[in-house]
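What follows are several structures.
First chain A sits with chain B, and in the next complex the same chain sits with chain C.
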Partner chain A sequence: MRRLGPALLLMAPAVVMVGLLFVYPLLVSLAFAFRNEATGAWDLANFNKAFALYGSDIALTAGVTVLSTALVGVFAIAIAGYLTLGENPRAVSALRWIYRWPLFIPFVVAAQLMRTFLAKNGMLNNALMSLGVVDPLHAISLLDWRGVVVTFVWKQLPFAALLISGAMASMDRSMIESARGLGAGRFRILLEIVVPQVQSTVMVALILSFVTMLSALSVPMMLVAGSPTMLTVDMAWRVNSYGDYGVANALGFVSFAMSGVAAWFYLRQGIRDGGKPR
Partner chain B sequence: MSLSTSHLPLPPLHPYAFRLPPAVGGIFRGLLIGLLAVAIFGPLLNMLIWTVAEAWYFPAKLPVRWGFAFWTKVFRPEAGAMQALTTSLVIAVLTVLLSLAVAIPAGYALSKRDLPLRSLFLLFFLLPQAFPTIAVHLNIARIFYGLGLTGTIPGVMLVHAIQGLVFAVWIASATFAAIGTEQVEAARNLGASPLRAFMTVSLPLAAPGLMASAIFVFLISLDEFSGTFFVGVPNVRTLPLTMLNAALEGNYQIASITALLLLVPSVLFMLFVERFLKADVLSGVGK
Partner chain C sequence: MKNMHRSVAMSIAIALGSWGGLAHAQTTLNVISGGSQNMVDYITDYLGPLFEKQNPGVKVSVVGTGPDDAGSQKMLEKLQAQKSAGVATWDTDVVIPNQQKTGEMVQEGLLMKYRDSIATGKYAVSQSAKQALGVNVDGYVMPMFESQTAIAYNPDLVKNPPSSYDEMRAFVAKNPKAFGYNGLKNGMSGVAFIVGWMYAYGGNPDTVQQGPYDAKNSAGWKKAFADLKTFNQQVVFTPGNAGTLDMLNRGEIAMGPVWVDMFQSWKAEGRLAPNLRLKILSPGMPGQPYYYAIPAKAKNVDLAKKFIALATSPEVQAEGIVKRFNWYPGIDANVVKPSLDPKVWNALFVDITPADLAKNGKPFPLAPYFKDLREQYEAQVQN
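Showing the complex of A and B:
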């Protein structure tokens, strides 16, 4: 066994940095959610106010992030599955080239792209009108929660598909081959053999996506006008307009709780599988 | 896929297997991939058109007047975009230097698989990515205000570095782990001190992986929004904040041109990431 001492010394600057710049503000945020600035007491006043004012936004945030995460999961498994099991090499390499483009595109840029693409006079409506699917009078702007879902999925799908296809590629292929030999269809092989083996990677990819979506401030700020909107916008609003850190921290507590629920699902999965989560 | 393949002998079908005729399957596959391509590239194309649209009104499907008038507007000094670009680049470079300075020793320590509590430390560095960040950024801004760090470049740099640190540490750790120990041991046997062996053997061998992590951190800093939004006010205006303002003012052209400036480095990195990060390093990230 290596000694911990010298290694700790090497890691110290990084550990101190995360401690001071992340863990400490995180704990401050959690604690001050319960601080009643008016009376100086520690109580649930901030939460009462947060739920009264932003109850519908909390529900919207939960709904949008869960829906986006689910869509990312379905599409990412479909893409990764085709990359792993596809039999047409040209189609596989075309897909591999296409799906990754949004990978490193920043959220704020993705939001701007969607602002023009999904607007009433955007390319999406223009294309649908040209195809005769939508007539100009009924063109609708998707710039509300639907736009947020589209942007989240567009942006996070490559990340999840990359992780999942990586896990699928390093999987033992003998089971796939034998199932194929027995005549199982590709769809069945994907759902019954491949996905169960990469389950933990799927969970990690989806939880990281979920948390990333919960943190995105620029996307709802740019795509949603007025209310209801996402919690990140409400937090920024509380602080910038009222200097009200109490309610902002209470809303922050709610979003920590949402990601905590996601992490709990992941850990429970790991325990049920009988091993430590990977 | 063309119909001409249908006269080739087909593989024997299991009686229960359901298969589409090859031609139908080919069209279906082509349609799905085409649809994905439209979904991915449509928004990008729409933005590119906006960068060269001088006038574009509803219900015109394409701009009424094309041209680069808005480009000259963006690059005029008083527009602030060039200033923002410079600020963004300065902060990104400083963030990379700080992140690498703390991540290289930490990554080196974590590259030893027999380190006690190793996975605990790896998870600790993941914390900033495992929690929603807005509430944390609010409180960092509040703490920094007391320290006089809000609205300063060092303040923004610190917030960016914390977002990039997990990637810097994990990639550095995977890179050092992939080097192996033989060459370092050879140098040590020839009488080199541990520090000298590290500087002359490990560090040069790790350079490509460290380069990748530097680029990664650079991009994270360039694209960072919410930390800058809270900590940078009122003086530090990076490119993403400039873009947001242009977009909220309804200036689609300026917003699209700024978006393009932010997008080019990201797309380039996506296209070449595999050159920098070899598969053996990539598969060891976070392990």
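Showing the complex of A and C:
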């Protein structure tokens, strides 16, 4: 009991910060999603409007983030797997050097790069045209949800790969060696020996990526021409164009619900790992 | 110990002294500007240094909050917060908001009536100096510039550009995917195209622009929006005002709505193909001013007035607004013209003549109609 005092004192700044700057605004915004400014009552009007106008955007947001998360998972495991199991030291060190670069590039810069890279007559299509892969008449612009997926995956991949390769590096290598000794191929070792052992890290990396992508505003704003677009853009639009915080809060509620599902998995993972979420 | 006390006391005295001295020597005029980066550049590169030269000891500090309603909304919220907190003097001396948010700021009592107390006040003769989307702002604002939207096109690809919305529809039906615009949520040039469409096909354009507001009018837009939805099947969507220009430049589209000033500036900087040209569609496309305004409890009111008087003087409007930044003047054009080389003046009107502007340059709709228009587009065209 005597030691509780200093502990509380040490915790206080963090608790106050989180409470004032995160928990309180979060609760207010969740509550005011149910506030009907026109009548002063508490009802579902904001949600009705949000689903009527932005139903397809909600679906797109869920689809894009889930697809991006899945792709990040596949590629991150592939990269981390090669870093752990690769046999050509030069290729491994080249990959190790290069894969982290996008980590240091902010979302908004990544979006700006992709805006010129993925356009109809952008760098990607120009390169494909000069290689004769695509003919100019059939070149298509990727500046829609596909562009967002490409950008998200490109940007989040190094983060996930960094975490996963770290976990793989700290694994006990004896199992890999014995599997190899028994003649297992690299692909099989990766899927059946390595991935199951780093499973919890993979989950954590993917959940954090999912939440980050769900909250990105700059990427869909800069890349998606027309509609449907992502929820963050709609929220900004409601506030900026109509001063309408009600519907924006309702959209926020939906977005919180999505990240809430991810948070639930995250916490469950933490508890399973021994009671403290990482 | 005594020595230490003395040195502490001395350093405090020195610190206070130098701080006090600085405060006397330097007053900071805090300016917040909405609009794109070029508007911030206008103050940092041109107007600010000019004002500092004329007023020694004054420093002009400018912050840009970004284009469209979004940027000006930030300003509004900042002033509103200081008002509700009951702060005695606010930390902003001059704001440069767009039309929509200026109206809201006046309605919420966030701005000061100052125009008649500055010498250049008499030059504010345009309709937009009195009305901002249906809100009476007479006396609260000086227009900084007038801006206009128009269709930019590539004459190599389009020999006879459409000159009206009807011709545009015919063109798009014949040449699918040659026209591109940025829709509703990606910048005002796209919104302007939609507004022009509604002026052409929505009925009662005069009421929508001048008032009075009657919800019955906006209920009759279904057909026009249904047609726009069909039209949208044949066009390309571009990512933003700059996105339209980029796509024109890369030859991905042959035509699209743009801001005239942005188009001219990009062309002057060599960022656009020099052959691109402009045309306003009849019956009209909208344009808008940005305003100089003073917050109701600004700290340096006199200095703010002086700053705006300089900014709206005929010489500065000629040199800064027209010559360097390719905007149309915010004040009476007749007093600006004598200060300019006729060549510069004519370059401003090379594709769009003053007659075109007078005939087809329209304001944006009254705020409540504008809100209905955007929401109906979201509900009926985008879904």
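General remarks:
Everything below uses one rule, namely that the second predicted complex is superposed on the first by the 261 of 278 C-alpha atoms of A that agree within 3 Å, B and C clash if a C-alpha of one lies under 4 Å from a C-alpha of the other, contacts with A are read in each partner's own complex, and residues count from 1 in each chain.
Assume a contact is a pair of C-beta atoms (placed from the backbone, for glycine too) under 8 Å apart; a residue touches a chain by one contact, two chains touch by 3 or more.
Because the structure is predicted, anything quoted here is derived from the model rather than measured.
After overlaying the two complexes on the shared chain, residue contacts for A:Ser241 are found with chain C alone; chain B is out of touch.
In the superposition on chain A, contact is made by A:Ser56 with chain C only, not with chain B. Of the two partner chains placed around the shared chain by superposition, chain B is the only one that A:Leu251 touches, whereas chain C remains out of contact.
Looking at the shared chain after the overlay, A:Leu26 reaches chain B, while chain C stays out of its contact range.
Touching more residues of chain A than its counterpart among chain B and chain C is B.
Once chain A of one complex is fitted onto chain A of the other, the partner contacts of A:Tyr99 are limited to chain B, with no touch recorded for chain C.
Of the two partner chains, chain B is the only one that A:Ser218 touches; chain C does not reach it. In the superposed model, A:Val109 lies in contact with chain B only, and not with chain C. Once the two complexes are overlaid on the shared chain, A:Leu143 sits against chain C while remaining clear of chain B. By the touch criterion defined above, A:Gly122 lies against chain B and chain C together after alignment on the C-alpha atoms of chain A. Looking at chain A, you'll find residues 115-116, 120-122, 221-222, 236, 239 touch chain B in one structure and chain C in the other.
Within the complex, the chain C residues that touch chain A are 68-70, 73, 104, 182-183, 185-186, 232, 236-240, 243, 246-247, 250-252, 371, 374-375, 378-379, 382-383. Listing the residues of chain A that touch chain C in their complex gives 52-53, 55-56, 115-116, 119-122, 141, 143, 221-229, 233-234, 236-237, 239-243.
Across the interface of their complex, chain A is touched by residues 1, 13-19, 26, 29-30, 33, 36-37, 39-47, 49-50, 56-59, 61, 101-103, 105-106, 108-110, 112, 114-117, 121, 124-125, 127-140, 142-143, 158-159, 161-162, 165, 169, 219, 222-223, 225-226, 229-230, 240, 243-244, 247-248, 252, 255-256, 259, 262-263, 266-267, 269-270, 282-283 of chain B. Those residues of chain A that touch chain B in the shared complex are 1-2, 4, 6-8, 10-11, 13-15, 17-18, 21-26, 28-29, 32, 79, 88, 91, 94-95, 98-117, 120-124, 126-127, 129-130, 136, 154, 166, 170, 182-185, 208, 211, 214-215, 217-218, 221-222, 231-232, 235-236, 239, 245, 248-249, 251-253, 255-256, 258-259, 263.
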